[in-house]
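First chain written, first letter: the chains are A, B and C, and each begins at residue 1.
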């Protein structure tokens, strides 16, 4: 059985869907961050896939995946730092409770 | 710079300098704050008197120009917006009135607490707007100063007010802003029809000279501008901000607001609405005449049943300011002169009223006339002041109200049309109703027996309160005894308007 | 002469300012003495002006000096000035005399029993000076607008003086009532002036009415020709309105209701303002405008009917009052109505009546004004002395005072005889001429007024007997009542003397409508009848009230309905109360205030609420909830993708 593009795309789509679902429904900021990472990773997979299947002579897609992973790592670090600080102030990481800045 | 050689610009610069001076003081140094405020107000007063003298000298020397001391400096080239200054007799007396009230207002808020520095800061910003409005003859500058005068009102009432102050401040500001919206539309409309040859202008004199606004447009623009200013002039049914706003405002703000800011409405009505759009004024002016006629009687009747001193005075203002707009819409020299006299008179006596009410309220902590009585025993100075203000309000000869009202009535009755004359008779009836509510208050508040034993220990006016009220009383008496002095200044200023209206009738 | 007249005006005004501003700093008595001194000088000057005028100007022309005060239009100018003619010179004398008497009298009256001046003594004298100034200004007015101004000013001083005891609720109500009722009348006065000047274009009396002939008036009426409103000529409206203005000040029915209440003021004030001077302002006004009224019979008839009715009405009410000041007040109303009627009956159908005695009514009216001022002031000052002695206004607290206060009693008797029209006292001469003028107009008018004259004699002597006789006095206070100090007695003696001799002044020589002397002869038929009727009235009063007896009580019970109605002044006050409180206050003011709160205010509040609610409804869109943003974003992205897809497929 030859592995086709579609067979790779389906798990990536499921990953992305899970990410969206998690991002929209979870109230915990950490969980939301994880969902966000999930979506990012699904996108990374797609980058690598399309590069491999459509333009196998080039490596831009692969490179972009690596680049995105690096950015995601940095972004996660910042996000977790914010969340920890929020937790210190509010004793809470529920996204709906953190609205002090709104008013 | 050439602009600084015009005395008019100093009416804006002096309040701004005062604001700057106040910014340097600190809230703890109440003496310094007072000194700066008094200095600013006194300089304004001197400037205003000087301006009157300059005006009289110019007119005496045969300068018959519509506006004197004119000057114009380009501000924003693409739209042809200029800082155009100029005064005629009406603006001169209005500036004099404003200076008097600012002066008295500073002394009336001598013990302002808390945040005296910020209070005076906003107070002088308000004055900047008022003076700027009266010295400008450019639509854009006028509108800008108008807005400058409105905004501080929100903070002054919202922060330093009493009672239901948030509601009142919001209501007042929103309603006046609603009026400004109409006004803005009107001004834009006027601007785009200001000239037939494509050189658009904001200068009132030029617009009037071009006389290029098509009659069909005037029918739209006249109501827009008239209502826009009418809201500020407390025209029925847009008067409802006035009772609540005045009731909550601190003393000096009520004084300045009823005394001067409401006059912006009447001034704007004739300077912009009628002057620039005489055709529409001729044909649909009667609708507004009816509304102002209602204002006069309606305000007076409403005042009869109020129990809060400030509400009584606010409704009485509705009635008296209605008289201003009413007379302006009569389109003849005498009535319009009467309207300006009434603006002066109402400005001074209402300021006096609000000052006295503020002083009484500061002592008794109530404004309900049912809870007070026999104040004449306890605070004779304030009592006598109140009686004088009341007598001026009900039009007693020798005080300002009489000269103004008589000029209005006799002028309006000269109108050749029967409809106008019948309305005048109806408006005249207000002098009796005014007597009813004024005497009712005087009897309840000042005469009779002391209602509350705690009031017996209250004190009479302090020196700064005496100074504040005496200034206003003197001005009221001066207008009442020598009306011709003011009439001579005012009267000729209406020549352009009346001529334009006459030309239409031909 | 002009300078002197101006001084006569300025002096009281300066006194007003001086005592009003500096009075509190000086001892009370000093202020009073200063006030009297100032008034004395004013009086001397006023007499000088009057004598100068009558001696040096035998033609009785008008002397006028003006300054412009308020230029309504270049043509219509309100001026301030002085006009001296027979009636204003006469009024100068009357006002200054009575005012001086009252100033002097008040030195004693406004003190307690130890002779200490009351609180507010300075204020009192300052207000008296203000009143004197205003009243003098009124009579020398050169134009109708100046007249209006001083009408307001006397109204103000009356207000201030009625409310002198401002902490008493009754005084507080009375002064409010007086001001508002006269203000209502002044509104009509103002409307009348507005109509009159609309076409004539002038306020000045010399242009409106002139003096000596009807030319000016004819011209003035001519300019208003053809102007009608609701079928009545404009000039008729104007003159009736102006009469209403005068009727308000002169307390003509139905605007009389303020005068009895005005008796809450100090008694000398009642004597000066509400008996002798201010209340005749209306008569003076009609007299000033007399030629115009002559030319408009409709207006003249209104004056005559109102005058004749008021005379009767007030006399009827005066017959049963128990408060002596109220009774005197109604007597005043009745006597002023005599003057009004007298003016009005001297012309009919646009022409003066009476052949060679044309204008007799005018002269008689002014004569009665003069004599009445003297004897009514006397009566009021006597009443003041009595009230000061017994501390009550009610006649059942008095009785039998003749023994204790002989001088007051005799002075009061002279006043009564004068007002009843018994020769040779002053009232006889003036009232006789009024009656002659009435008979000239018609028998009915004459009989009606004669009847009222009889009633006058009756009620005056009723009061007199009830105060000074009836029964022995019961001493209620710690002091026995007695004649008062000289400051109070001297004015009584002076005024009583004037009341005795004033009738012999050849008034017709001085004061006539056209300045030409008028020879008057006593018409003995009329005089005999009226004296006869007066004597009947006095006899009836003597029979009923001289000594204590049950007859009055029986009469009262026999006609209890009528008696109560008259005692309650035929329910006029209740009617006014109903109109002002129930109709105007409850029926107009309250609903308007309610409408303002509910509808006007409600509308704008609803507008604000509506905006608020709309914002509230859509605020979830900007809720700040990250996840809902993301969800909407997702939906939008999907929607866009779907649209793109559909578009691609379509192509």
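Simple rule for what comes next: contacts are C-beta pairs under 8 Å (C-beta built on N, C-alpha and C of every residue); 3 or more make two chains touch, one makes a residue touch a chain.
This is a predicted model, so every value here is computed, not measured.
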item	value
Mutual neighbours - chains that touch chain B and chain C alike	none
Longest centre-to-centre distance from chain A, chain (CA-based)	C
Closest chain to the centre of mass proxy, which here is the mean CA position	B
Geometric centre distance via CA averages, chain C-chain B, whole Å	37
Intercentroid distance (Cα basis), chain B paired with chain A, Å	65
Chain centre separation (chain A, chain C; CA means) in Å	97
Chain A partner contacts - residues on chain C that touch it in the complex	624-627, 630-631, 634
Residues of chain C that touch chain B when the two form their complex	68-73, 76, 78, 145, 149-150, 152-153, 156, 163, 166-167, 169, 172-173, 175-176, 179-180, 183-184, 186-187, 190-191, 194-195, 197-198, 585, 588-590, 592-593, 596, 600-601, 603-605, 608
Chain B residues within the chain C interface of the complex	170-171, 174-175, 236-237, 239-241, 244, 298, 301-302, 304-306, 333-334, 374, 376-377, 391, 394-398, 402-403, 406-407, 409-411, 413-414, 421, 424-425, 428-429, 431-432, 435-436, 439-440, 443, 446-449, 483-484, 487-488, 491
In the complex, chain A residues that touch chain C	20, 23-25, 32, 95-96, 99, 102
